[in-house]
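Shared between the two complexes below is subunit A, which has subunit B as its partner in the first and subunit C in the second.
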Partner chain A sequence: MPLPVAGDGLWQEGEARAFRRLTLAWMGTMMFLFSTMLLLGYFMRLFQANAFRTMRPEWFYAVLTLHGLGMVATWFVGGMAATGYLLTRYSRPSIWISRLALAGTLVGAGLLAAATLFGLFGTGWYFLYPLPFYSSGVWPPWATGCFFGALALLFSVWTIWVLDLLRAIASRFPLRQALGWHVLSGRPSLGVPSFVLVATVSLIAGAAGLAAGMVLLGLWAVEWLRSGYSNDALLMKNLTFFFGHIITNITMYLGVGVVYELLPGYAGRPWKLSKALAWAWNTVLLLVVLAYAHHLYMDFAQPRVLQDTGQIVSYFLSVPAAVVSIFGGLALVYAAPMRWTLASWLFFLGLMGWAIGGVGAVIDSTVALNSRFHNTLWVPAHFHTYYLMGVVLMLLGFAHHLAVDLTGEPERPAMRHAILALLAIGGYGFLLAFYWAGAHSVPRRFAAYPRELSQGVAAARVAVVFIALIVIAVALYLWETARRCWRAFSA
Partner chain B sequence: MTTARPMLGSVVALAMACLLAAACPASAQDSLGQPANTPPDETSFIFRRVPDITITPIEGSPVTLSALGRSSPLVITFIYTRCGGVCSPFLESLAAAARQTGGLGSAYRILVLSFDSRDTLADLRAAARAHGLAADQGWIFGAASSPDIARLARATGFWFAWHWSSGQYDHPSLLIAVDQGRIVRMLAGATIPPSRFREITDELRGKFVPSYPAQNRRVAFRCFRYTPGGGIQIGWGFLVLLAPGALAISSALWIFARSRGSAS
Partner chain C sequence: MTPQVQAFWIFVAMACLVAGFFLWVARSTRQAHEVNQDAARRLRRNFFYSLTGLLVIVLALTLRHMPYPVPTERPERIIFVVGKQFAFGISSRPIADDADWEAATYSAPVQIPTGAMVEFRVSSFDVNHGFAVYSPSGELLGQVQAMPGYVNRLRMRFRRPGIYHVFCLEFCGMDHYRMRGLFFVVPRTNTQSHTRSLLAGTGE
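This part shows the complex of A and B:
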């Protein structure tokens, strides 16, 4: 039965329909933004393969900024929308706040596109201080204003949305249950789904990340309004990565929460809230705000204790949650009466992609290795792994699950096989080219590699072949899923 | 009568002043930009395009800046030949630094432009000879029209101000390294230390030379500060770093305390 279930004491028929349509609108937005940003990613890899020799490199950096922020935003809102939808099983997230978030996200995305594509604003997705102030004539001041305006709008609507989902959880579960503390103290799970634990952890952490984003914007404004004060570059860098790292991490967690909730339906077994699971996710809540320190290993003015914390916390953050989720996932499907559909395959492959990307991340967060890999293509390699082959697959799985659930249209096995094969071959081929180049010290964020870095060009040329496979896979997926979503939306 | 004499004196003084102003091209209009005690902020100019002005060198025919820069990168500097102050010692120090670091003429060339509209090519030729640089292929002395000089000065943060009292210009001494039409480095100072000049020439040879802007002293919230010898000091800004976490925890506690979940 599709959610929200009308007449279950929580939702009336009209409201349930409105929430479904809203979730479909979110999924449509997610698919549209994803395909656009994917093509921009393709453009960048072609640029690095020297396909556009006469084009100004400023275009690469503007597109890099839009692609990076656009992708991060797309999957964050995708994860939030899916979480909000699944929460309707237990409580009542606000439709109006979700609508406000959708409108804000669309306007924000438009402003970001204007700042980058018309203004050539090209600082990279995390706009590290003080770069936006030093355009060197590449982008005009209005583009900087437009960019920060977009961020202010996005952070505001997202903060309200995050707090509303927390309110929805709180209306049903006390904090100690939502965080699984009752299980830790030896009591039974009391019907608290593991999805709620993951969502609560992600949302509290998300609130911290967005608060850091707001503080950051405030500090930018103080300097921009010519108060005569400048900001402390190190404080700004700390806040930037506090925000950026948490938002990207919790996007991952929101996706994992969706899998906890939906994969059991395909396996015919529950994914219980166990003691190990509760330990792992409470550890995440405790540590997620500290792990960002691994982005500042090169900053000698950062206290040594924070550098060490960054390394240790990175291990303890990724390992327990990933291990319980991956072993939990494997245990769930092992010898289960599994219904393998496109959605369940995408959930499963997404969990495995998370594990693989996690290994790359743990390697990079080790101080001794980071001194080799810092700012090489290894960095985009690992985060593209847990994004593209992790959370993206999980949330594409969710959209497909929703589309099939709402239309009841059976899927075509041949299409499923083609999509999965192309995604897996294309995705891992594309990523291997990043890893290989990173291991050969090819720097990241380089529009056109000089002769000394010809390995970068070679890797980009290999990558574009694999990206073409991803593009075909996504086109087939959209044909299968977006069509169904549209049908369900207009029904 | 007693009043007529001073009046006559004023009229004569006024007429003389007008005559002087007409005879001397260095009128107030010859000043450009805002005089400042600090040199132009390099970080605001890096990667900016320089305007493609036309230059008349002391040898050869007029040529555009882009054409000059096509064969090698350029280090541009501004002087005026009647300078009784910094220009001569500055050129001497620049020539010495260029000799020590090498590569002049092959890796880059130095373009010395006069910003004074009174300077003729003959004046510039004499200045080049006086410094023993006229025959050196690495050096180009030249002039440009006043509007072109103004465009280039604006694009590079250079300024000059005429001082009636001394009959001299006040101006900074500035080196602007330009590669493929864009500013890649700037250096200000009356003398050029070879070590700093090497940074410029290395940059023009395509080597990566890190440079950091000096920070404003009025920093709003400092979190950690490195002090050589004194380790790392923690400042108030550290509290700003704790704020997001504290805000998130307090709002979560508040939301859960208010709602008191219905499940048991």
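This part shows the complex of A and C:
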């Protein structure tokens, strides 16, 4: 049933229509950015397979930066847009703020593309202090300015958007209830949907992450404007990973929230807020802000207690995910009168990718092993599993769900089978090449591999074949979904 | 098998287990039926206890093997390392400024006797770098970040003599992938002649 439902006292017909069109515009943006960034990823793996021997490495690093930030941004806004849309069932997120966020995101993405593709700004997606100031002659100062301007714009509009969704939730459920605290103390759920709990946890954590991002930008600005002042490299690293870890994690959780809300409709069973669920997500809220410490294991100057905490927290963060969300999703589907469509398959496979990526992540978060995995290709291996085979599938599922819902056009089973098979084979093949290379000591972020690490080239060559399958799958998906979205948009 | 490769196979096995479980659940929808809620809850409880138990055991086993320096241990050799776009200066004397660093990158590689506990004192003169030690057969043995304004102490022991390569494992700019260093591990006895054979390319 298309949301927002007009005439239930929350939305009027005109507004409901405007919100739907806005959500379609978000989905169009998400699909467009995804396909571009995907091709950039393909380019990088080809580069590592030595396909462009004469091209300068500056290009690889500019593309690395754009692909990384572009993808993180794409799925964050995709998750936010889907969450905002689903929240219209219960409350009134602001249309204008979402429009502002869309405009800001498009301008910000354009500025990032300019800084990287015209300015060759190439620091990697987390622009680790003080690299942007040490361009070794590659990028001019305007590119640095353009890059930080883009981030300032993106962080500002996203913060407003996150706060607005929290406001919308709070106007319907007191935040205590939205966080399920009443359920923890043994009272009934009072009609709080489990999706609202997941969204609230994600948004609160997201606000904290964005706040850290703003502080980080402020410190950069101070150093840039006041000559002679320089920041502390360890503090900047802590802030960078606090921000980066949270923003990427909550993107995952926003996708999971969408699955909580929509998968039950396909399974014909409810996914209700329970005490276990409330425990799980409150634990997540507590732990997710500490887990970033595992990015600094190899900074031996970091206080030791943060290192131990990093491993313990990273380990136990997997418990609520596995026992409540993944087990819960499986129990929801088990022997259910399931309606299997492209959307429900994507949700289901997305949960699976989350679980598999989690295994890779827990292995890497073991300090003793991190000595041998840190900044090898194992790292992109596990987060591409979370993303490409996790939240990306969930949000592509959402877009397809929306497209079918709004046009009423039934899907074609042959297309569905082709898309799913190509995505699964291409995706896991591509990822396995990353994992294998990481286990064979191949570093991440190498534009080309030295003779001693030629296994890196072999892995890249294998990966290139599988990425071609992903590209075909995404093209078929767009043919099925983007066209429907367009028709619904122009109707 | 290196620890990394062992971890890889553990990962593959667990990923297959997860995927198998998902496919089994997907198949179960061919014959829909009511599910006993109590049984499901019991299963979840057991899953919770087994997963938590497993994690606690692995934590207990692994938290003892931290790569950080133990204050009671005394290193036998101290090696100074400074990263700078785009090379590592590695020296048995302190590297205080650019001239020292320049000299360290050009002078003969340092030699470390087998079995000795060495402490690498690692820092950077510009951006973050990653000091990562690779065995003569190309296996990543350990690493530490090289950070401006900080000295990180990495302690290691080497059993096998040979040429050890150092690669940069923190992205530091356009020539990051070419940033490297080198040192020799030589048998504790007979240091001189072994180095000569290494330099002549007849060593391992």
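As a working rule, the second predicted complex is superposed on the first by the 489 of 491 C-alpha atoms of A that agree within 3 Å, B and C clash if a C-alpha of one lies under 4 Å from a C-alpha of the other, contacts with A are read in each partner's own complex, and residues count from 1 in each chain.
Rule of thumb we're sticking to: a residue touches a chain if its C-beta (ideal position, glycine included) is under 8 Å from a C-beta of that chain, and two chains touch if they have at least 3 such contacts.
Since this is a predicted model, take the numbers as computed values, not measurements.
Model built by superposing both complexes on subunit A: subunit B and subunit C clash. In the superposition on chain A, A:16 makes contact with neither subunit B nor subunit C.
In the superposition on chain A, A:102 makes contact with neither subunit B nor subunit C.
Of the two partner chains, subunit C is the only one touched by A:348; subunit B is not.
By the document's definition of touching, both partners, subunit B and subunit C, reach A:136. By the touch criterion stated above, A:71 is placed in contact with neither subunit B nor subunit C. Look at A:445: by the touch rule set out above, it reaches subunit C but stays clear of subunit B. Shared-chain residue A:199: touches no atom of subunit B or subunit C.
Touch criterion met: A:233 reaches subunit B and subunit C at once.
More residues of subunit A are touched by C (comparison of subunit B with subunit C). In the superposed model, A:301 lies in contact with both subunit B and subunit C.
It is stretch 203-211 of subunit B, out of 5-13, 131-139 or 203-211, that runs into subunit C when the two complexes are superposed.
The interface of subunit A with subunit B overlaps its interface with subunit C at residues 130, 134, 136, 138, 232-234, 300-301, 304, 450. Taken together, the subunit A residues at the contact with subunit B in this complex read 130, 134, 136-138, 163, 166-167, 169-175, 177-178, 190-192, 203-205, 207-209, 211-212, 215, 219, 222-223, 227-235, 238-239, 242-243, 289, 300-304, 450. Partner subunit C is touched in their complex by these residues of subunit A: 56-58, 61, 122-124, 128-131, 134-136, 138, 232-234, 237, 276, 298-301, 304, 307-308, 311-312, 315-316, 318-319, 322-323, 327, 330-331, 333-338, 340, 348-349, 351-352, 355-356, 359-360, 363, 366-369, 371-376, 378, 435-436, 438-441, 443, 445-450, 452-453, 455.
Interface of subunit B with subunit A (complex): residues 43-49, 206, 213, 215-216, 218-226, 232, 234-235, 237, 240-241, 243-245, 247-249, 251-253, 255-256, 258-264.
Listing the residues of subunit C that touch subunit A in their complex gives 2-5, 7-8, 10-12, 14-15, 18-19, 21-22, 25-26, 28-29, 31-35, 40, 44, 47-48, 51-52, 55, 58-59, 62-63, 65-69, 85-86, 126-128, 130, 132, 134, 138-145, 147-154, 165, 167-178, 180.
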